[in-house]
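Beneath this line is the structure, given in structure tokens, with notes to follow.
When the chains are written out, they are named A, B, C and D in that same order, and each has its own residue count from 1.
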Amino acid sequence: MSFNTFGRVFRFTTWGESHGPAIGAVVDGCPPGIALSETDIQPWLDRRRPGTSRFTTQRREPDQVRILSGTFEGRTTGTPISLMIDNVDQRSKDYSDLAQAYRPGHADYAYDAKYGFRDHRGGGRSSARETASRVAAGAVARLVISGVRIRAWVEAIGGDAIDPAAFDDAQIDATPFFCPDPAAAARWEALVDAARKAGSSLGAVVACEAIGVPAGWGAPLYAKLDAELAAACMGINAVKGVEIGDGFAAAANSGEGNADAMRPGNDGPIFTTNHAGGIAGGIATGQPIRLRVAFKPTSSILTPVETVSPTGDAATIATKGRHDPCVGIRGVPVVEAMVALVLADQALLHRAQCGTGGGTGVAHGR
Amino acid sequence: MSFNTFGRVFRFTTWGESHGPAIGAVVDGCPPGIALSETDIQPWLDRRRPGTSRFTTQRREPDQVRILSGTFEGRTTGTPISLMIDNVDQRSKDYSDLAQAYRPGHADYAYDAKYGFRDHRGGGRSSARETASRVAAGAVARLVISGVRIRAWVEAIGGDAIDPAAFDDAQIDATPFFCPDPAAAARWEALVDAARKAGSSLGAVVACEAIGVPAGWGAPLYAKLDAELAAACMGINAVKGVEIGDGFAAAANSGEGNADAMRPGNDGPIFTTNHAGGIAGGIATGQPIRLRVAFKPTSSILTPVETVSPTGDAATIATKGRHDPCVGIRGVPVVEAMVALVLADQALLHRAQCGTGGGTGVAHGR
Amino acid sequence: MSFNTFGRVFRFTTWGESHGPAIGAVVDGCPPGIALSETDIQPWLDRRRPGTSRFTTQRREPDQVRILSGTFEGRTTGTPISLMIDNVDQRSKDYSDLAQAYRPGHADYAYDAKYGFRDHRGGGRSSARETASRVAAGAVARLVISGVRIRAWVEAIGGDAIDPAAFDDAQIDATPFFCPDPAAAARWEALVDAARKAGSSLGAVVACEAIGVPAGWGAPLYAKLDAELAAACMGINAVKGVEIGDGFAAAANSGEGNADAMRPGNDGPIFTTNHAGGIAGGIATGQPIRLRVAFKPTSSILTPVETVSPTGDAATIATKGRHDPCVGIRGVPVVEAMVALVLADQALLHRAQCGTGGGTGVAHGR
Amino acid sequence: MSFNTFGRVFRFTTWGESHGPAIGAVVDGCPPGIALSETDIQPWLDRRRPGTSRFTTQRREPDQVRILSGTFEGRTTGTPISLMIDNVDQRSKDYSDLAQAYRPGHADYAYDAKYGFRDHRGGGRSSARETASRVAAGAVARLVISGVRIRAWVEAIGGDAIDPAAFDDAQIDATPFFCPDPAAAARWEALVDAARKAGSSLGAVVACEAIGVPAGWGAPLYAKLDAELAAACMGINAVKGVEIGDGFAAAANSGEGNADAMRPGNDGPIFTTNHAGGIAGGIATGQPIRLRVAFKPTSSILTPVETVSPTGDAATIATKGRHDPCVGIRGVPVVEAMVALVLADQALLHRAQCGTGGGTGVAHGR
């Protein structure tokens, strides 16, 4: 099946292909009365926009969002918010050879196996271009949970990691890599340039933190906060792994090494550590939510790779066109958006069942 | 909110607390006409059952499942299948001190923060005992996708990993650790014994493989096969990380190093490698599905840990009782069950949209 | 498919066949902290119980409900509430001939057409016995919306209607017909007795009113309060029609005749009439919710009817056994339950999106 | 909450207000490979379009639909189909007084009670203009179930019904009333003209029939085919009642009078009557599906009605503007669309659970 809707009560549905006239998202279930205009959304799209440096795809898309419904006199009305972004720089000719051979690592073969045929232009629906819709929807979600601060950054590219001791929050938006460590950013410049020039690509790890999530958000047992975050992030193009808190490192630890001890505090317990990443039993503990996401290297590379054609013949493909040498970089705003969308949904779900305990800063209308 | 239902068309709902009279699952959407009796379910429960070795909890539960509805003359009717497992060995007195202090790493504090109070006996609803219901439901799912073989194993305990070269499928069920490498199993015996005697616990990595999933199963974009698997596994008690295929290793790789090249084959392309873990664009490629799951060390340890009481006072807790020294071990049948449940749902979803292409071995009634 | 779950955030799942060991419901999403024990549920089941007069089936079922999970120390915990009712008086032999011929008006043929075979004993899953599970779940829903008063009654049997001028609320539970008009009840006694003795059966109209629903509950556009109520009631066994407010009479009216004029009031507008049945645009207006439900005559009759066998041969069937001569009578508590279940769900949905405006009397935990 | 998505696996989401720039629908879950272009959708929209006769609103909307995604080279790809219809003739000034007083019978007060404020221009989201999106989505649904023929007609206006004996299928699209009885159409012309000139409006009954639905479609117990149809139709603007088959007339009947006897046939049983309207136990029997829908008279009338303002003051309102004197007339294509949407969903759900038995004519991709 095709399931292009995400969320339970705060929901969004995306549509659109890489080379159609436009892409978009319909956000449903948003609380009424929130101030919302295009200027609340555009800055987040600009962070994800291609072509802002030589380290991202050179496709030129202004990614201007329009709000077509769901607001009145500058405020949300509680009805569906339709967001649309025109595709401007399609250049379908760039992709004509994609009809002739499956690109390894892409969804080309899988879509054909599922649907019998596909829109091959630029990956069609499976293109990472769809993530612009998520970022637009995520901008609305942020307004619903205005008491929560969400920020993500690149933690490693091609296996070269930042130095946690050098973490500088202010650097994240100052580099073309969303990199909080200036020394790492300098190294990555050479690393990504080399990959780009070699017609190769690199994987990356993106980390994300959400501060201000009140203890209690989350939904046992089959909409656990960590499970929903895992699905939200694993569903981003090119993602192959998700960790909450210590993640795989916890699997190598002992019970006492992994325990997050508690001490009395003025506003709930104070945790001495945060191995858990802010979630226990699928429910937020009030600590910062912490997660890490693994992006594989961009599958579209100039280096020729052995493949087959839709008719089953042997072929070789070198994917020309305008691709990100490291797709994880532009994954940063997408991870943030997906985290915001999950949290907004969980905030409303919590309020549904447990009443006014939705936490400071959760929007409501009356 | 509380969401105790998993799945979209093949669904299951679980209920029950660790120390109530029983636990259970209601499986809905199952195709009709499948031969099903308790003997199809019990062996999977027996693999998960506690008390089978000194490396698991000593709680004695026969975990006998009863089918209360949904079958007639030994076959599924297409109506809900109610599965019930009585709780036999509750011993509530073991847990009376859990009312007095939050166990670090457990859901105790989070449940109180969410709901205002909780059933503290043995963790109540957040106890891993609930996973027996998943295993029972998963046994039904296996029958729906009888052409798929799912097997999981423990790949590492406390950071000590198996030697992939020594992988022996036949060993998995021969050791108390679901360990495919006899030498590792021998080492783990000492390792887990030492942790148990020290009042400590150990984390583990569980790997899982599903062979025979036809190319095409999966559901772009917000029910991607990998995203659903990630949610299904991250939602298991104590899980903190999920990888599909190479997972985080892909993030340190290059595009050409990570490419799964294809060659012509008689029945679809032959892939020369499987970095992707059998999924591209959220859709199965026909290769084996491969994933890895990180279990944290059991949070219940004898070693005293600093904590607080529900009234906010400082406390120290040493969790007595009968706990698994390494909860990842009994996670093996649970991971298999969750993978089976996701695949059965996706098989039916694929058939819904794309017609007869549901793959060989998918049950249907007429 | 089989969809045995109802609701969006306050949900219930039912299971069980007429002649299996038991039936049950799992209620999920209930707010925590509500006082709940079997004594809160049993009285509603007793109202629906068969065998209480000669005007209902003579099957003897005590319909004792047990709560198997979801409460602790007498209060709901926010986790799934498993309700189970044992089947006591199955007498499968009564139904052995149902395997040989399809009962006209029953689901026998349709289930076979769908699933390829069916549990024919007493109608299996399609038996009205399943409605006991709804009544049990509905009793929990009532506690969630304790500020709302829901009551239903029989308005007509076999075309013989009550006199609205004689409406006496106190009579509803005093007659075996849930009839608010004593004169009508007296007539119905003769009417139903005659039908019973003639081996016939009669249809009925059930009316229901919910008082205290605050203006604002409801969910445009595809979970409108009236649409959800229509689905909830049309899904009850034997129901063939649903009206909100004036229903079909509105279709014969003029705009000014159907207008519910408003005047200023101290607590929202005062409506001079209630043609709309308390719902406009799918949202409650604060007036009483009013609906009417048409029950067809019981299909199981002693009068022989022409039919076919599962192998397609001509047959004649006279349905012996213990059937309600007028299934609409026992429909009264079922309609009330379904209305309660819809309203509880909508109350929580409203609170999710719009914050504290969930209305007085909606349960919450903290 | 706001739920603007309908359906389970074949789903659509609508967005847009009466006086925004556009309205639209996103159709998700459509089988791949179906030939689809705007010319498959436009004729259905043209049937619903306003301004085609003096008996409908004089708002001039071309209602030109554009397909923005989900097709490639003229066929559906299995990805979301985004349909957009520009609003051309908004004339917001017509509606400026709607901000000052609640229109009785409209959703004005209810939306304010729910959301705290509303887009008052032309009813905003609650305007019947939204039904154009349903008709567009329904046109896609028809292609999915191409073996089913769905047609609706007006059966009565203001209590004046057609003569069933005069039913002429060919007349339905020949009159401005979708009326199958020419004599009734002639009477209605005078009737509706009189109402229009008097500043009044009239209610109507719309009947609908779906022929070719195979026995077996439907989903017990909480997505019963009749329950889903009831919700789908009750959710249409101005609808107050829904009947399946004989509906309320069945409630006045006896068991033998209501029985649909069966005789052996070459392709399943032959039913001698169709009191049930083609559905038993929530599952199609293979007979024609028959239902009736009650539309109230248009609430917007020139006759002044007593009301209140948003600030709670007494007011009188005479709704000027361009309104349908009988909104049920244009309800005909909307009822057809909703029936098509329910059936397409149920067709795919049936195929999901029961395999190839989806019935002749259900689209699939491979």
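Following the convention adopted for this analysis, a contact is a pair of C-beta atoms (placed from the backbone, for glycine too) under 8 Å apart; a residue touches a chain by one contact, two chains touch by 3 or more.
Keep in mind the model is a prediction, meaning the values are calculated, not measured.
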Reaching chain D from chain A through chains that touch each other, fewest steps: 1
Pair with more cross-chain C-beta pairs in contact, given B-C and A-C: B-C
Per Cα centroids, the chain farthest from chain C: A
CA centroid of chain A to CA centroid of chain B, Å: 26
Chain centre separation in whole Å, for chain C relative to chain A (CA means): 45
Centroid distance [mean C-alpha coordinates] between chain C and chain B, Å: 38
Where chain B touches two or more other chains, by residue: 1-5, 8-9, 14, 29-30, 32, 78-79, 114-116, 125, 220, 349, 352-354, 357, 365-366
Chain B to chain A touching residues, read off their complex: 1-6, 8, 14, 102, 104-107, 109-111, 113-116, 125-126, 130, 156, 158-159, 195, 200-205, 214-224, 226-235, 237, 240-248, 250-265, 268-269, 272, 275-277, 279-286, 294-301, 303, 305-308, 312-314, 328, 349-350, 352-354, 357
Residues on chain D engaged by chain A in the complex (per definition of touch): 1-5, 9, 11, 13-17, 20-24, 26, 28-30, 32-33, 68-70, 72, 75, 77-82, 114-119, 124-125, 365-366
Interface residues, chain B side, partner chain D - complex: 8-9, 29-32, 78-79, 220, 348-349, 351-358, 362-366
